[in-house]
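Shared between the two complexes below is subunit A, which has subunit B as its partner in the first and subunit C in the second.
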Partner chain A sequence: MTMHRRKVLKGIAGAGVGLAALKAPYVWAQDAPFKIGLLTVKTGPLAQGGIQMEQGIATFLKQKQNTLGGRKIEFISADTGGNAAGAKTKAQELIEREKVNVVLGPLAAAELLAITDYVRDNQTPLISLGAAEDVTQRNANPFVIRASSTSGQCTHVLGDYAFKELKFKRAATVAEDWAFGYEQMAGFQRTFEEAGGKVVKKLWAPLNTPDFTPYIAQLANVDCVANGFAGSNPVKFMRAYADLGAKARFPLLAGWTAMDDALLRSLGDEAVGVVSAHWYSSSFDTPSNKQFVADMRKDYNVLPGGYSAGMYIAGQCVEAAIKLVGGKSVDGKTFADALHKVTLDDTPRGKFSLDRFGNVVGTVFVRKCERKDGQLVNTVVKTYPDVSQFWTYDEKAFLANPVYARDYPPAKNLE
Partner chain B sequence: MLRYIGFEEARLLAISSFAYGGLLFLLSSGFSLIFGLMRIPNLMHGSFFMLGAYFGVSMLEKGLTTDALKAIPKIGGAFNFLPSFTILPPNFFLIAIISGLLVAGIGALVERYLLRRLNGQELPQVLLTLGLSFVIADLCLMIWTGDPWQPATPAELRGVVQFGTLFFPLYRVAIIGIAVVIAVALWLMVDWTRLGAMIRAGVDDPQIARVCGIKVSQLFTLVFALGAGLAAFGGVVGAPYLSVYPGLDADMLPLALIVVILGGTGSLLGALVGSFLIGLLYNFGQAMVPDLSYVILFLPMLLVLVLRPQGLFGRSIP
Partner chain C sequence: MSFAPAGFITVRRVALAITFALLLTLPFWVGNSYYINISSQILLYAVFALALNVLVGYGGLVSLGHAGLFAIAGYTAALLLDAGHGHFVADVAAIVVTLAASAVFAVLALRSTGIGFLMITLALGQIVWGIAYRWASLTNGDNGLKITTRPSPFGLSLNGAPAFYYTTLLVFVVALVTMILFVRSPLGASLRGTRDQPRRMNALGYNVWLIRFFAFLFSGFWTAVSGLLFIYYNQFISPPIAALQTSAETLLMVISGGTATLLGPIAGAAILVIMKNVVSSYIERWNLVLGIIFVLIITFMPEGLVPGVTRLWRKGWSTLRGRKPEPEARKTGGHGS
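Showing the complex of A and B:
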């Protein structure tokens, strides 16, 4: 913390120079450490995920003794506060003052949308956790890759599974009233309805809803409810859902943020039985995942979830890209191109590769929450290998449609 | 666009409205007392709520044992001299009361050593309480991390209670009961006891009250502590359904402001009516006019400010 502040001061002193050199693609000095900047959230309601992001990348760097592909790493973390304006300010700080070689993060889709043009203009590669669909679709950014998932990537699977395996016919959706909620629920609706189901109610709750009763009270005459909450909201939502007796009547489905493994310790019996789709499972059996989970348990005494795994994998991508460019100092464009070529055989989420838009193609796990030996666990019930952001759709046809939104695809079966 | 709701949904919303209103009353009655009686715009009231909730969930999680004290990150070492024993059994309401008392103590310290120095200066009071709320928010993040905490609903109040064919979520009914009991107790205290008479005298004319031998400054410390304690108690009681997370303070403070503006400062009846009104408006508003979900709470506040600035039950402040 204090070290960072001193660096900021130094940055202020040199800001004039930094601004002058801003537009020119610069070549990094030889032998200088490779700088990784993390945009994370350490205050406010999204702080939980943000702190886990930092733990994830810190775990990776510790395992590698702070050296990736022969380059010494300098790591700088910045707190965006979880909002778009903060993300922009901190991105500027990392890129213009600190001159980082790669930015990891940010957390939220809205933050990512705020800085995607900025990183392109400044030719700085970024490895996103935020899920905003179009950053790797219609407005694909050559400087951005995403090692986590798009909003719809997991809910496509969830909608398909809900109809075909769980045999649900009528669904309601409920999520926060923001881009991540819309995109997730649009993905769910699309695959669920195309398989033959009907989404009969779509509810949107403001981000800082104190009590979810008014939304839960509206649920009636459905086979299941899909929720796309994030941050601390799923904890509140699921408790109210159980307390009001809705859980016994309508089985609950969840996107990845709503049932992240790291969230389990905040949940109780209300989570038992919830079926969720996630691109990461802490129980997945790969060597790197075993090591990752063990180290996270040792250093932070937590079970890691998507936020920390996403940044751990982002670290692996940085390492692989540094190796691809031979450990040399290269400009931002060359490094971004190298990042796009990364394929990994062993990551905590299994085999890893990117599509031509820079979005991950990887396993999606359908899990069911159970209580085992007193502990809540998300037991994997089905895995979908090599899921892309386009699900099973043709890429061209998919991109010809508008981006997922609150009212796209149109919900024709609302009652 | 108005959405019509059926009887079943309306009933659930009504219960929830009053439970939520009850919780808001616990939060805002203290705020109203402090603001109405002492003229202190206490912007750390949400922090008291959150702090109480965090104390509560920690004690519920670990039980109130000396070992739990030692396990508190960063400051736990100070308790290492104690032997291991259970101080109190983990009873939910007992713990809520203890949290209330702890935070009341903190509130008393803040009033006695910080706010006292700024007597009558509203802007410095705003800055001080706002600054302290940031400090508390950061300390909470350090100690309790960013994880949301949600204690289990007390076992005896889980599930639903049945009257005839109608089901009511038991815990919410219990919150309504608690709020009513506390409202009555506060009303009795302020309007019918010697202590209440002294407080009212101290507010109306502090100098004459002092001449009569009333220790006005002590009384004000007491009122501030009471307000802080009530908020903290509300924080624990609300934790099983609001959960506790970084930012809870900032979510709750505006609600206290709305309730007090609506009901009128310094009026307990105003706080009670305002709380239930906000509870009803929030629940039915979200369900019936979802398009207005962001502004629905602020509309009545706006009307009251325009038409009756002292609030529904407030006295006009001299």
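Showing the complex of A and C:
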């Protein structure tokens, strides 16, 4: 009888508009849509990365026809403006007004730190792209996972590779004057010096440096320079570095943001030869990466880098967690626990799992920038499988030390 | 207000009563805690804008360093809470420290007026930003400071959105009342005097410097209070709060709403907070919209939104009653009403 009545009702609605008929399966499903909220940056100096983040998750949802593990997905994007107070308000918007089931992002470390307590208090899981080390270390949060990397995760590899494979003995570092720069360069310094090298100069440029000449002019008597710039600064820095003739004298090494594949189209010959360590490579041969790169090319005409791959992978984590809870509507804590259990075999960065702090253990690629058929490419020269945020160190000993900072570990070899 | 038609005063009173009733019942009719939080933000920025308006509007002293004072209050409270002190100690200390900083700011900046004053306050504000950013061992640099709890005065927890809203509303009302009293007080009148005729005031025996100094402290006090509301609201503070952009945004609130009016900064705060937080989730280019709004305000209501709307309203009212609009001079003379 009820069937009959519903049919009639559907018939009435369907007679007017086909839309009602389209929505019918949704009415039949027992659960409301699963809501994904993205905290990104669309205004200000970090906007480029933020837009790529949105493209990454949009590409994933399109591939999956907006359905993950049987749940219909509703996607909401919010622009934090790249600052902490904005991130807080936008997190409130996503969690309190939109009642999202999971938050992806934010981009910058300060934004992430501003909202980690808030997401815990509100029992909403978050998949971070921000790299602040302590969020998955000393202040690990049961509601946060990170499938990209900590700041030091790639530069540990870079320091090791620079000494052992490239045979550099003396290095200088240069990065932005903020936590992401400090933590990256600390990771580089630690593995480089423990292998036997010396970091003889550490330079810090403000985020909005108009001209890098004064910093480049301070470089002398080193075998290599490691840089940890982010946003659009690497483009400016590398151009100045080549123009001033430093590139010919001191080979350049780079962290993941400083040589992201998405930057390649803004770069020219100044980038050729730069060696970088990244947790993602657009040329990596996995089925999902091929599909991802092809779709990004088709829809946005870009080569994807870490920002978009990070959010694509975050989408895969959400899908895996939805499957783990059987597609049911569950509370935030249960979903966060499911996210912590995620292991994936086929992602654009290869297979990975999460450690007990929710941080990724996965491949790190060492790449060298080359020109092939007129195009710049980051060719993978070595892969380090199963790299953890603790590198090869003992977890307990690692966590007993202070968090990486501008002056930790202390640079004893400065000249 | 004595020039206004009798009907206008009644309308104004009714409007104020309705607004107040709406504010008092806001958590019950907006429902969603997100909008309650946005309202708390509007009120806390309104307190900040009112504080800045004391100098900008009534004193004619345009400060671009108030974000520094705002951040000093927030950082002081955060550092003391972090060190294990109670909320009462932290809050009182934050206000005292900010007042001391205001006094230093005032002594340095009041050596001049106009552009000179603006540049000195800008430099002082940037020094605070620099300290917050670079003295990482104290302020935790770019990563900022967190506080874990909001205070619970008399055992009432302020953790929920409505509870925090009512606290902010209470502080806002107290701030507004003291502003009204200040503006009507002899000190307020003499401050306006120093704005319009500093030399004549001096000749009349007023100590112009001291009047401005007190006004600066009064402004600093309410800046400190709004800084405390900010840190308790966000439970987080980082260097961008101390930067020029915060000062400039607050100045925009004052100027777009209407300087030297009491309702102007409140309207300005509402516009900016709503544009930044609510409209930005519908329009990606909200900065552009905000810019257009400011251009429109400056073009059609150069005196600011509140005085501008009042002028248009009176004009409309008079036309409706078949009277001639009042002469222009009288209305612009109504500063500080």
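Here is the rule we go by: the second predicted complex is superposed on the first by the 385 of 415 C-alpha atoms of A that agree within 3 Å, B and C clash if a C-alpha of one lies under 4 Å from a C-alpha of the other, contacts with A are read in each partner's own complex, and residues count from 1 in each chain.
Note that in this section contacts are C-beta pairs under 8 Å (C-beta built on N, C-alpha and C of every residue); 3 or more make two chains touch, one makes a residue touch a chain.
In this text, all values refer to a predicted model and were calculated from it rather than measured experimentally.
Contact comparison for subunit A: of subunit B and subunit C, B touches the greater number of residues. Contacts of A:A110 after superposition on the shared chain: subunit C is touched, whereas subunit B is not.
Once the two complexes are laid over each other on the shared chain, residue contacts for A:P142 go to neither subunit B nor subunit C.
In the superposed pair of complexes, A:W178 makes contact with subunit C only, with no contact to subunit B.
In the superposition on chain A, contact of A:K236 is made with subunit B only, not with subunit C. Residue contacts after overlaying the shared chain place A:G273 against neither subunit B nor subunit C. In the superposition on chain A, A:A47 makes contact with subunit B only, not with subunit C. Of the two partner chains, subunit B is the only one touched by A:G245; subunit C is not.
Look at A:P210: by the touch rule set out above, it reaches subunit B but stays clear of subunit C. Where the contact sets of subunit A with subunit B and with subunit C meet, they give residues 42-43, 177. Taken together, the subunit A residues at the contact with subunit C in this complex read 42-43, 78-79, 81, 83-86, 88-90, 92-93, 96-97, 109-110, 113-114, 117-118, 132, 177-179, 405-406.
Chain contact summary for the complex, subunit C toward subunit A: residues 32-35, 37-38, 41, 133-134, 136, 141-144, 146, 148, 161, 234-238, 240-241, 276-277, 280-281, 284, 287.
Considering their complex, residues 42-51, 177, 203-206, 208-211, 213-215, 217-218, 220, 231-232, 235-236, 239-240, 243-245, 263, 265-269 of subunit A touch subunit B. If you check the complex, the residues on subunit B that touch subunit A are 5, 8-9, 12-13, 16, 20, 137-138, 141, 145-150, 152-153, 158, 160, 167, 169, 171-172, 240-243, 245-247, 251-252, 255, 282-287, 290, 293-294.
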